[in-house]
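First, the structure itself, so that you have it in front of you.
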């Protein structure tokens, strides 16, 4: 009995993600703090924050409706489902719920929409502002994401992420192929935008002019806020994980054998932490873009993705 | 007499009943009687459609023994929907039934007058006869019946608002243009084949130039009805002005007759068309999808927003059709079938959610008298049912799980990314563009409907009218719930629906999997919403446990302000409005939308350094209408004015005309 | 049988003479209607008789009724009944009877009947010229400067045109003389048996068609039409628009048959195509910026004549049958429309489109009739014009005239836009009401009365008389409704007439 | 009579017809025009008579008398009465000046000859060769209609046009059948009378018979 079932693997992914996420965030914040010459709150600070928030009672401001309490659960559900679906540890997937790209994306968007509605619910100027910006970015990101993965899916002939990753594990050449590179870079930018990192959004600011995500959750408190935070962290984990697995597929478990899974877990943990540090380090040297410059960035990434597709058609990435 | 013909006969009878009811019933109970009759008519249509859809014997139908009065060598009128027709008949019937029920409670004033209900009955009948017609003449008759009915309905409020008349003029002219184009197109086909029944035309297999001429003419006609860019201009004018149950029927069902027409032309009458037909269609459809949603995302008039989103959705539907044709041309049958199925799924799903959305908009109008999002808000508290149904429908429009919109768009994308462009340069260029535009459209749709729902129902009322909103009557709520149920139902059970629809267009390789999921072996993809929900429930369970535990320890606390800090609650006018919500987007697409902004700064009397108030107004108009249509209209009227000089009253000039004619004729004969 | 032919010729003359003689008697008021009813009856009788026994001749062949003539007689009767019935004054608006008016109408009817029943081209010409004479006084009946002007233009332009037609007939006769068989009998000419000289025939036929085209109101010889039709009393306008034009077109049909027998169809086709398209273009352009609703109706008649001319140009059983049915349908609707227009004039005292607003609120009865009639004129189902237009277009494409059909359809769209614009402006929207000035007495648009308001100098906005104070409010709607209903029923249920139509078309096709 | 004499007379009468027509274009004093019209009517009558004698056809002679009575006497008489009644003896200048009108008349005559060629070709004989004169009369009559301001002058133009048709009729075929001819003559007479009545009514309504007044009805 040294193999897992598919549900088992998914469980591992979900639990693992839940456990790892705060650490990842902590590592990123700590790296950044150190590079900026601050002491930083330590790697486990996010853990403590979440525990504290879960303990505190949430406030319901007058005139706000059900979204205030519904959104956090919706968001975290969507994030968890995504974590379960995307191939983080292994490339196996349920028969009835394949990790189909479009399903994953729309589940993510469900969370996005919930957040945006929360922002409007508050009935304040900030909430609406954040919501509006958030949706604008999301709308502009979607083409990049779809087209990029479309490019990656062409050689494999399916839109199932696990199949794509598996294929890249099988044939390392495709990893360094121009198509692959273009697509991954494009996807990378999209992920940064989707998860609200610099240069698109600064997660650690509360400056009216710049904040997007924070503006929406401004009115939330207590466990509502906790779920919101965890939910958005999980998004980061899942998407970053997917990205690194597409970029550096090695170590991903293609079988369900215990050893393979363990190796996969170790691989993803290492990859994520390294990636996290890199992102954080990068953010130190990046300034946030003006909101109205963001479309240019996204357009750029979209062009890359588009080139990737046409390339894979015309230069022929025959399977 | 087969089931189908019985069904059609029933519809004719019921229509007559509805007419009688509308004209004879006393005003007090007119809406109930006539509405019920119309609903019955709709149901009859839906049932007939389903029967016809499930095959039966094609060609069987009600043969009306009218050899046309002309001793024409035309074949007799035949009302016999084929399977494709059945789909649209069922769709039109269902929408008609729901909207009629809604109308019982909603219709007031002119809309509830004799002519109002009579026109509604005529409109529904025409709409249901279009897909039933299976020869040119009866098709055109049904088409025009539909046009007349809708025009009269559009006029309901003509006495109150002058825009109604303007909108109707636009609608009438565009509709007539579409009819004339169809007449021309069919005339070409009839002239080629010498028969008027679709069977004859299809059997003759027209090809070559005349086929292309016919196709382009027909496409023009149907596109106008379907509201494709650039012939969409009537849509954003007509839909807002019509009574809401009428807008719902128009947008959800009537517009689809344009889609049906395209399918009729491309699949039944003129199969084996050259690739450029599909290319042309694809370009138009993509343009419509993008332009439509762009306009919708910046619109602040709720019904105008919905109208533009109709253009977008029709665009998507026809994208699917065009891709299907392209792939078929490239010999990629299996994927083409998937695309075709996607087209029908999109059609059905749009019918479902757009009905609810328009009915919801009607409920809002009914309750607050407002269509302008900037003056709405906080309706969720006062209109729970409407809020719920509108929300569900909005999810559908945004193509989010687990609604009909999601399933449909999923199938579409599957067919798109599996189209093989490796050995076909055209496909290699077109498919990525298509995917990109569809994706962008989906993204913008997301924003649009978050805006529509969030601004209208969440937050705090932006006007006293919105504050005093109230729920509509029972029939209105019932209709909306019915529609919302359809949206979710279709979303949960895409499998059987897709299979049935695929059956109807003879598309193979669409299978039901799992509980109600759909599987596309051709592109090995699979979608089982029920399973997805189960998964979500499983992962949610522990979270809920923790949540409840925490809730017991620290219950929710009601406060006046989340961020008190001694501050006071800001007035609702500080909230984001629909306009400001779309502002970033307007900036991003500044070139495409060309908004007109004007800022008036009025200074305080004391000093011009003190600003007393700043007015900011931003209008986004329809560029196509402004740049393309207005000049034409102006030019035509100019010609009319100029022509008046011909008839200047001088008998000498008149004699001159005759004289010239005489001389010319003499010259002509001598030469 | 032959008596049937004589009735519609002699009865009107007798009645007309009588009512001229006893012009002050009350019975003259409805006498013309009675004559019309008889004409209708005879038309139906002849149609069935001819259907049963083939053509009927009288007066040693000078008079001849074949299916085509019978059909036209039917049309004349139908339209006349509609127009005259609708033109009857209400009891409230009765005034001293004027037998001369009745007499002229009778003469007019007799002339038209003679035109369609004569086999001799010469007599046909005389009859058509006689219609000009009869209608001249009817147009000028109001004796207002405007109606005199209209009458003058009508007579001059009309007679000159018809004179050209006579020149054509003369030359045709000459060619028969040259061929050694001098005759003007249509039957002989259309057989094509006698070998006419093509060149001579070409000139003759061209001139004849040109001349009759003037009477048929085809551009560019249409100029008299809007004036005459807008100034004549409503019933007369209805008769002229509804059937006089058709009778002229009937003459063209006969001539065409002769021409085709000798020259083949191509020659006249060009001429008629040009005429038809030009008429459509003129009508479209003039309707766009039209300010007077009676003139608008007149131009719509030009439009429909253009359509029919196209149908004639196309030829062949389908198009010809369609044209004949179009004649009937258009006659019915147009007569009804002129009746309605007359009542709007009587109610509003103005013919300016701009002065009639919110009719649907003020006078729903008139507005509904107007809207329905417009729908019929624009060729919406179930009205018959829908089917005829469809048939003509299809036939046109079959005849390889796709380009012409394309142009025609475009022009039809313009016409639609124009008519829709004006009619919606008249009927829809809130009414602009002002107090009626004391001066304007309620005026009847029945023949025996001068127009109360000089339409173009009417004060702005309308001195609109509200229905309560307005006698015409109690007008009978029956004639209008019946006419429109008939036009609608014809559309779907005309299959009983199909056989007769086919025969009527075959009369000409036989010559081809 | 001898062919020479016949063609001589033919030439004279037709020539007279043409000349009178041209004079109509040239002179625009009403009284003069009416007199010229009478002459033309006489010429037409003479032509018919000549044809009748040549054919030895009594019916045609009757027609000739009829024509003479109407065209040379009745109509001019009626016209002059109206003229004196309306006091419109002298008409103001026509729309186009006489020179241009005369040139136009020439051009039309040429056109008439060209258009007449096939007719001449088909029906041989001296009579046929004169047919173009008839056509020319028609066109010139039309020209007069076109260029004259006064209602009466237009009436005259119409009569000239009608004379042209009659000329053509008689030259080509010795006239259409008698019944028709009767009808035609009657019709023309009626038309002229109607126009006369209308003229006087115009006179009373507009205080003049200047057609430029008649531009009330326009778009």
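Letters are used for the chains, namely A, B, C and D, taken in the order the chains are written, and counting of residues starts over at 1 for each.
Basically, a residue touches a chain if its C-beta (ideal position, glycine included) is under 8 Å from a C-beta of that chain, and two chains touch if they have at least 3 such contacts.
Because the structure is predicted, anything quoted here is derived from the model rather than measured.
A.B. asks: Counting C-beta pairs in contact, which chain pair has more, B-D or A-B?
C.D. replies: If we tally the C-beta pairs in contact for B-D and A-B, the bigger total goes to A-B.
A.B. asks: Averaging the CA atoms per chain, pick out the one whose centre lands closest to the mean of every protein CA shown.
C.D. replies: Per-chain C-alpha centroids compared to the overall one single out B.
A.B. asks: Rounded to a whole Å, what is the gap between the Cα centroids of chain B and chain D?
C.D. replies: Spacing between the chain centres: roughly 69 Å.
A.B. asks: Calculate how many whole Å lie between the centre of chain A and the centre of chain B, each centre taken as the average of the chain's C-alpha atoms.
C.D. replies: Here chain A and chain B have centroids separated by 36 Å.
A.B. asks: Measuring centre to centre with CA averages, how many angstrom lie between chain B and chain C?
C.D. replies: Inter-chain centre distance comes to 43 Å.
A.B. asks: Between chain A and chain D, tell me the centre distance in angstrom, where each centre is the average of that chain's C-alpha atoms.
C.D. replies: So the centroids are 100 Å from each other.
A.B. asks: Send over the residues of chain B in touch with two or more other chains.
C.D. replies: Residues 643-644, 646-647, 651, 655, 662, 666, 669-670 of chain B touch two or more partner chains.
A.B. asks: Would you pick out the residues of chain D that each touch at least 2 other chains?
C.D. replies: In chain D, residues 115, 118, 142, 145, 154, 211, 214, 216-217, 219 touch at least two other chains, as defined above.
A.B. asks: If I count partner chains per residue in chain C, which residues reach a count of at least 2?
C.D. replies: 152-153, 156, 160, 164, 202-203, 226, 286, 289
A.B. asks: Name the touching chain pairs, would you?
C.D. replies: Pairs of chains that touch one another: A-B, B-C, B-D, C-D.
A.B. asks: Can you check the complex and tell me which residues of chain D touch chain B?
C.D. replies: My answer: residues 95, 111, 114-115, 117-118, 139, 142-143, 145-147, 154, 211-212, 214-219.
A.B. asks: In the complex, go through chain C and note every residue touching chain B.
C.D. replies: Touching chain B from chain C are residues 152-153, 156-157, 160-161, 164, 202-203, 206-207, 210, 214, 220-221, 223-224, 226, 271, 282, 285-289, 317-318, 321-322, 325, 358, 360-361, 375, 378, 380-382, 384, 386-388, 390-391, 393-394, 396-398, 402, 405-406, 409-410, 412-414, 416-418, 420-421, 424-425, 428-430, 490-495, 497-499, 501-502, 505.
A.B. asks: Under the definition above, what is the set of chain B residues touching chain C in their complex?
C.D. replies: 66-74, 137, 140-141, 144-145, 147-148, 155, 158-160, 162, 164-165, 168-169, 172-173, 176-177, 180, 183-184, 186-188, 190-191, 194, 213, 636-637, 639-641, 643-644, 646-647, 651, 653-655, 657-658, 660-662, 665-666, 668-670
A.B. asks: With touch defined as at the start, can you tell me which chain C residues reach chain D in the complex?
C.D. replies: Result: residues 120, 122-123, 125-126, 129-130, 132-133, 136-137, 140, 143-146, 148-153, 155-156, 159-160, 163-164, 166-167, 169-171, 173-175, 177-178, 182, 184, 197, 199-200, 202-203, 226-227, 230-231, 286, 289-292, 295, 456 of chain C touch chain D.
A.B. asks: Considering the complex alone, what residue numbers of chain D touch chain C?
C.D. replies: Against chain C, the touching part of chain D is residues 115, 118-119, 121-123, 135, 138, 142, 145, 151, 154, 158, 161-162, 164-165, 168-169, 172-173, 176-177, 179-180, 183-184, 187, 190-191, 194-195, 198, 201-202, 205-206, 211, 214, 216-217, 219.
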